[in-house]
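One structure below.
Chain naming follows the written order as A, B, C and D, and within any one chain the residues start at number 1.
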């Protein structure tokens, strides 16, 4: 399996993807949606780049380093947004984002 | 050009994609984001399926009929959500969605 | 967790996504790429719809049934293409596709 | 319209997307698919990042600069691959890629 070297990072991206998608859905159902607008936007950005990073690693893309570097940056920003909110889904999402940012940074290096 | 038969439908999908993405961004900046939560969700769904439909037509996917049929259904639902809101971006989005739904329905038939 | 009801189907889609992306990469490296052209195309179609199905389930999309139904159909077709080839990556991909088709069919019903 | 500043770059990305998707489909139908394997892979990478760049600009993503910078790099690489092949679809694709790389570089700066 060519992608074995990527396994840990793929796993971190998949967990971040799941957390961002759940947080996005939950934010849209909160009473104070306005307060969550930044979080909704970031969750979508982060889910989309995690999805691209997974594809890049699973297909042995020649751009895997650059894509993981961008993924790390967006995960970091999404984590910083989410951690400001007390909702359980935001706190869990922030943790998944920071773990994924670390994994992607390691991959890009 | 193999995709020539698809040109009108591709164009309708690209206009719907642009309208949904603009409406999504504008909804997240409205004062009453809560009222726009359904619209935000639909805009993302619709942009994602329009994007898939464009790819299907441009690559001569064997699933182009089924994908356009699903795109028509999602565009119709997004248009019905958007037309309930007076914001200019919602009204424009609704129009683009209904035009795209028609084009995709014709393609799927 | 709102998406708990979807867990088994999400897992099947993620395994199918991984198998399709690996098979796509491996097919492009085979000596006889021409023989794999149908497989390359199907792997891409299948990976893209699995990715959309995962997002639909994780975000509680109102279109989850329709998207899973389409995913089942594309997985079935990809599995039928892959199983014709003796390569290990094709056989593994076919199995993942048929499992995912079953899971998605159950979800759509 | 908030995205007006992005119009020229969005247009270049959409033309590159169309060219890459057409070239991908045509390459898979060539007699000598093996010779086109690099092109098939690059066309997919490039179409996917152009699609992400369009979404980033149309939704006013906070990561528009970084995404356009990555898009420029991938377009450049795809153009360099495509221009080596005499097929009309490859030559057209190379031109669209280089134009898009320029537009995205300008946007990222």
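Definition applied: a residue touches a chain if its C-beta (ideal position, glycine included) is under 8 Å from a C-beta of that chain, and two chains touch if they have at least 3 such contacts.
Fair warning: this is a prediction, and the values are worked out from it, not measured in the lab.
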A-D or C-D - the one linked by more C-beta pairs in contact: A-D
Distance between chain centroids, defined by C-alpha means - subunit A, subunit D (Å): 24
Where subunit C touches two or more other chains, by residue: 41, 55, 59
Overall pattern in which the protein chains touch one another (line/ring/star/complete/other): complete
Subunit D-touching residues of subunit B, taken from the complex the two chains share: 1-3, 10, 14, 17-18, 21-22, 24-26, 47, 51, 54-55, 58-60
Subunit C to subunit D touching residues, read off their complex: 28-29, 31-34, 36-37, 40-41, 44
Subunit B residues within the subunit C interface of the complex: 41, 45, 48-49, 52, 55, 59, 61-63, 66-67, 70, 73-74, 77
